[in-house]
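Inspection log for the structure reproduced underneath, given as structure tokens.
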Amino acid sequence: MKKVQLNPVGWMSQLSQVEVAQLQDSTHSDLYDMFRNCCLAVLNSGVDEDNFEVLFAPYDDFDVKLIRRERGVKIELINPPEVAFVDGKLVHGVHEHLFAVLRDLLYMGNKYAFLHQTAPVDGPSTTDMVFDMLRHAKALEGNDELNTIVCWGGHSINLNEYKYTKEVGYQLGLREMNICTGCGPGAMKGPMKGAAIGHAKQRYKKGRYIGISEPSIIAAEPPNAIVNELIIMPDIEKRLEAFVRIAHGIVIFPGGVGTAEELLYLLGILMNERNAQQPFPVILTGPAGSEGYFEAIDEFIGATLGEAAQSKYQIIVDDPPEVARTLRADMEKVNKYRRAMGDAFSFNWSLKIDPPFQRPFVPTHKTMGALALHQDQNVADLAVVLREAFSGIVAGNVKAEGIRQIKEHGPFSLTGDPDLMTRIDGLLKSFVAQQRMKLPGSEYKPCYTISRGK
Amino acid sequence: MKKVQLNPVGWMSQLSQVEVAQLQDSTHSDLYDMFRNCCLAVLNSGVDEDNFEVLFAPYDDFDVKLIRRERGVKIELINPPEVAFVDGKLVHGVHEHLFAVLRDLLYMGNKYAFLHQTAPVDGPSTTDMVFDMLRHAKALEGNDELNTIVCWGGHSINLNEYKYTKEVGYQLGLREMNICTGCGPGAMKGPMKGAAIGHAKQRYKKGRYIGISEPSIIAAEPPNAIVNELIIMPDIEKRLEAFVRIAHGIVIFPGGVGTAEELLYLLGILMNERNAQQPFPVILTGPAGSEGYFEAIDEFIGATLGEAAQSKYQIIVDDPPEVARTLRADMEKVNKYRRAMGDAFSFNWSLKIDPPFQRPFVPTHKTMGALALHQDQNVADLAVVLREAFSGIVAGNVKAEGIRQIKEHGPFSLTGDPDLMTRIDGLLKSFVAQQRMKLPGSEYKPCYTISRGK
Amino acid sequence: MKKVQLNPVGWMSQLSQVEVAQLQDSTHSDLYDMFRNCCLAVLNSGVDEDNFEVLFAPYDDFDVKLIRRERGVKIELINPPEVAFVDGKLVHGVHEHLFAVLRDLLYMGNKYAFLHQTAPVDGPSTTDMVFDMLRHAKALEGNDELNTIVCWGGHSINLNEYKYTKEVGYQLGLREMNICTGCGPGAMKGPMKGAAIGHAKQRYKKGRYIGISEPSIIAAEPPNAIVNELIIMPDIEKRLEAFVRIAHGIVIFPGGVGTAEELLYLLGILMNERNAQQPFPVILTGPAGSEGYFEAIDEFIGATLGEAAQSKYQIIVDDPPEVARTLRADMEKVNKYRRAMGDAFSFNWSLKIDPPFQRPFVPTHKTMGALALHQDQNVADLAVVLREAFSGIVAGNVKAEGIRQIKEHGPFSLTGDPDLMTRIDGLLKSFVAQQRMKLPGSEYKPCYTISRGK
Amino acid sequence: MKKVQLNPVGWMSQLSQVEVAQLQDSTHSDLYDMFRNCCLAVLNSGVDEDNFEVLFAPYDDFDVKLIRRERGVKIELINPPEVAFVDGKLVHGVHEHLFAVLRDLLYMGNKYAFLHQTAPVDGPSTTDMVFDMLRHAKALEGNDELNTIVCWGGHSINLNEYKYTKEVGYQLGLREMNICTGCGPGAMKGPMKGAAIGHAKQRYKKGRYIGISEPSIIAAEPPNAIVNELIIMPDIEKRLEAFVRIAHGIVIFPGGVGTAEELLYLLGILMNERNAQQPFPVILTGPAGSEGYFEAIDEFIGATLGEAAQSKYQIIVDDPPEVARTLRADMEKVNKYRRAMGDAFSFNWSLKIDPPFQRPFVPTHKTMGALALHQDQNVADLAVVLREAFSGIVAGNVKAEGIRQIKEHGPFSLTGDPDLMTRIDGLLKSFVAQQRMKLPGSEYKPCYTISRGK
């Protein structure tokens, strides 16, 4: 049995004894399984495998313990994957990531007891909590130069699209912008890789490659090799909020239903009339040949949320320098607005996010079945519901818990307004046709059925 | 009316909105007066005046406000002292100190609601709180090289003694040790000044000059010009605990009753048998000509706490290099012990401090009169009581609240075991004779009377 | 006409007036054309084109001037390639490289008047000059940790081999080793790219990607995008000497006749008996499928220079971690030897390089024809001659001056000992067969003929 | 016999073998005695003793050797003064200073063969040499923010004046200005000490305390404890040129004949009409009570060089903040001028210094007797001669060689124009009366006689 003990780094290297005691207590909680799994995912950083079952299979005998010492806490790895070690020594970046997992899951988890929390939390305190987590992760300290670009997109895009994400990242890097993504492969890795080259050419030493994950997704999307700051938000809604509050601009690459979920979340917020004055650069972009994705999405949004929603983003096809130039130019507006508001550069406090966007949505057959999928409501409410629908489909596709439910009870059933359901069906089918629902090569078996209500 | 607005620095530059709201609420609390006064003291950093009434007199129209902005909080100074400004711009170090005051008094005060708290607090949580305050002050981050020497001693020592404290500081600085003191003039300034020269000669760039104060004393002892880290603990007991937990060694220079209080506190802790194995270097030192002070103290301790207490310190007369060499050599023992205990280098968790040493003592005529000043108790308990007696005398001498009480009700009356009272009287009289109770030149009018019980 | 003026950086930002005057005088010398061409090559950094004629064709109207100001010298670019600019601003790394060109070609050229110098230079001073150039380039400052690995290999290797060079670089980077190459594409770029990822994962901030070029080759091999230190040695022999003196270990990937030239140079030196004790790690490595290259080379060396030469290198096939582990382990021997010798870590003074290895060889039909290609001499002399023969073939293949000569007078004619000539012919033919003489796809037309003397 | 070997630091840690060989050859030259003495002076840094005979007396058996190793050169100290060591280890700053001595005396001495050079050197190359020495000392790198204030003044001023120099330094330090002086005690130390406190209060980390000395004076004025950059110019004229070319402003405190020499040198240059446009802040300042010094100087200058010379400086009495404010404000003019000229911020190339100001003056009875002390010449020429006269008196007062000559041949005899001689006599007598010619306490015995020619 191989054992490796790790000294704490970062915030976790300075804990009070009461904090250490709480951490150790938490090892008996059900948080602990999640902690163990996230550690295992992190130890597989950079491994090209997004099926968590395949990834985890060889590591049945892996375990992780917390060792309490007078001075604080150590992590002990039992039978960790060899891939994380170089000549018997844990790779430094992975070491940092493991303590990020400890910090975000157990330490912050103790502080807020927020996990598995499905009851609505009132607005301000969710935001304060998101802020506090980013602050502890030191993600805000270097974030005051208006250069954090959040990139969303699929984790299994084709090679042409992947190269394009690298090229956009390169152009952003040349303009000394940093990259924040969801932390996995594909469109989450390409922009970081490109930016790293751009930063090197500009001798820019402060390159940040921030990965924001959450416990149920990190196993399917372990941090890629470039991520140098890892943050694990407790659930998908807080992860989304972290993205939009840390971002100075957002680029959306082709992706699947997860990417659509992110876009719907974002549009729902930006359409809030209290955010009407907020300059918030959003660019949808992809290489020549990927126009189909954006056309389908754009058409769907036009038909459901309307032109107002469409006005919130700009589509740029096959022009990486233009993407980067546009964002760089938009920073001036962001700068002016934040100054006028007295808002921070590092965290967008002035963006209003209404409670429905913060409320954790736990997809089950019941909650999915109950979604109010009709257009007889205002567009912000519709955006919420659509976001939730797509979120459930992501869960059914790739998350352990979702897959388990589907296996047990069959596909989720979505019911609603016939016209809307037709549009949803059309969009999802276009994703299937473009092979965006699963890894290329495998055939996609839907985790949902669409029923057109009367 | 002159107004100056200051942007937050350090920890205070990243506050959540709920924290900002709490800060602003606190401006209506009685903490606020204390906050205002500490700010005023800090704005007088480096001014040679230890009478707070004289110091504050010209600044009746001074005020300080908190201004809430979306991004956080600003401090607004109204009619601040000119001395803190250079060509209209606040000195950077003072700027930092003001936000240290805000952090320690209001922000941490909100977190712990600890001020004016006289009820006993159970052990662990006081220590956790002290740790948390030092952590927020970033005082622990650079404190892991076993080189923090706490220096105690009088704030109005004579010139010969002052030069000696500089010389000791210089020798410590040459050996790359850092200085932590109570933050005022005299023996709190000299070692920092000397160390700064020693550090410069060694090209040592990480010189730390930590001042730990508390609200009731900072006005009488504003931070000297060298202090580059200011921490304000909520009361005298937590300040003392901060000193002993951050220290890797302690040097005690000649001083008055305050210095005696500190030594009694320290001995009381070190005599705890659970600390028997703990290597804790304590050196009493002064120049030739100041032996009288140490003789009086040493005799008093021998007679009251006994030889065991005397064995906890070493007296070195007129030999600064020897002081520094001894401490440097002792660090090896500290190193071994901390490693053996698994204790932190930056914070001495393994030192046991029993609740009586943590319990805030508020000197009033009643509490002073009730002190159990007799030798019919174990020495640790006696050390507690003696510490409190001397603490009360310090308050009566120099603290605003103490002086007010004395003015109103006459001197504190100390009663006890005749033999013990004679020794106390003798020690205090020796301080008076050596002009250690007040500034040289003025005549000392005792704030206490000694009654020998039967 | 577009003009861009650049402020000096690095060493060139502090010039005396006499140095500036000399620089400006040199703009009338024949060095200047070379300077202009190197600048143009640098401005094309990262462009994938190794045919200088194609590369330079669009920039007939490009020019570069030196502008003298009281404080020093500026570079003025006239009609520079757009590719070097981002939103109208020169990429910072290219800016640095341009002043490296100025430093190495004109400033050091003035100091040593070394260019086009074909007469033998006596040993010590060539080495002193090489040292001085590396010192001015600040290449020695960070080079004292025994972690500089020089990588040689072809610039147009196949994709499989390229990926392998990246993988080796990655493994070296994980072990915090830095990369120094000849600065172009292919095997000169792959190891840098891989190391950059390895460095990132280890949070290693001091990654160095040193490119050492020379004026006649830089146009054909402009610095790749990763090079963050550029040095241009005046001729091929000084470039080779810079490589071996700065290296703590050398990795040789598959390549063509240029790579063979480098290996012969190295073996000739290592076989000098005064270098017999010198530990000098040399590893020949490539992916599965590339064994042919090493077999041909190894066999050729065995047949010509003998087993002693073969013992100077190790061949590792298809095992990047093993390459890196071996080098890391060898550093211990290098460490011991340098200490024992009192030698510098940053520059291998104790390696003896005899004058024939320092003497610039200028390939012409006459010098090529006169090469003493026979085995009736000691192996060190033979290594010199073989190195020169291969050097001439490289010139005829890719260097402007060499190509011009071949165009005018037909192929170089090599004559010698039949057996040796047969071996040379065999080796060269194997390179042709493996498509290592030219870019894949084009047919290679030899720039030499082989005659077997009697 | 105690021996200590030192590894090279700074520029001296990277020498070529030819440079090392030259260094070692120089140990047989007459430079070497000077090198040994400067090392001894540096080893006494911070010792308060300005009589070199007293200082050196205990160290007859001190010696210094250069040890050649493959990698470069080490310094070996034999029987060095204990004062430079802490617990057996050389103080780091002294270590640096020793290699500065090696660099400036032997390394640069070899490069320029400039020592003891009395023949006139043509203008440009002296300046290039001064530049090159400052460049090698890395004194120019951090000197581009227009904040280097050169302070001149006596080394044995009274306590009141010393405190004043500290106060001026403090005010300069608060304004983030750096200090450059002649490197000894008194007015050369006070400003540095004050600035160090000012820098600390402003958290200014880049404080520079540059000492520029020369071989014949360093023994009498060893670097004080604050100097963190030491430069030793080969002779007094190059030292003066280094001061004026590195300065962004000059403050002149009370001093003796040496200070007068410096002022005359400066005025002679500033009165050059080609410098008429050059903004060059010069402030004469001292505490209340020291007006006499400035009145005497000012009157002398008015009577000899005229009003034009008087207009080149400003006298500020007893107002340190005003001194600092004035200089800070003047920086704007300096900024504009340097930009307009295209001149460097770190080195004042555009200041014209005519050859007579660069020509080394070696005071002997013959050269002193031959000085053309009459007003029948233009004021620049007169300034040259007066500077030389005062320079000779400094030598006779404090320099080893000067003292030896006076001891052997009696006082220097100065002859000239009666009116001028009367003025010179008056000025010198006022220095004697103010006890500025020697240490307070001792009686001054003039090293000169004044003859009034007809």
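As written, the chain order gives the labels A, B, C and D, with residue 1 at the start of each chain.
We take it that a contact is a pair of C-beta atoms (placed from the backbone, for glycine too) under 8 Å apart; a residue touches a chain by one contact, two chains touch by 3 or more.
Because the structure is a prediction, the values reported are computed rather than measured.
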| item | value |
| --- | --- |
| Shortest chain-hopping distance from chain A out to chain D | 2 |
| Where chain B and chain D overlap in contact partners, by chain label | none |
| Inter-chain centre distance, chain A versus chain B - centres from mean C-alpha coordinates, in Å | 48 |
| Whole-Å gap between the CA centroids of chain A and chain C | 45 |
| Euclidean distance of C-alpha centroids - chain B vs chain C, Å | 64 |
| Multi-chain contact sites of chain D, meaning residues that touch two or more partners | none |
| Topology of the chain contact graph, where touching chains are joined (line, ring, star, complete, other) | ring |
| Touching chain combinations (by label order) | A-B, A-C, B-D, C-D |
| Residues of chain A touching chain B in the complex | 14, 16-19, 69-72, 124-125, 127-128, 131-132, 135, 140-141, 338, 341-347, 349-350 |
| Residues on chain C engaged by chain A in the complex (per definition of touch) | 45-46, 86-87, 91-94, 96, 174-175, 196-197, 200-205, 225-226, 228, 325, 328 |
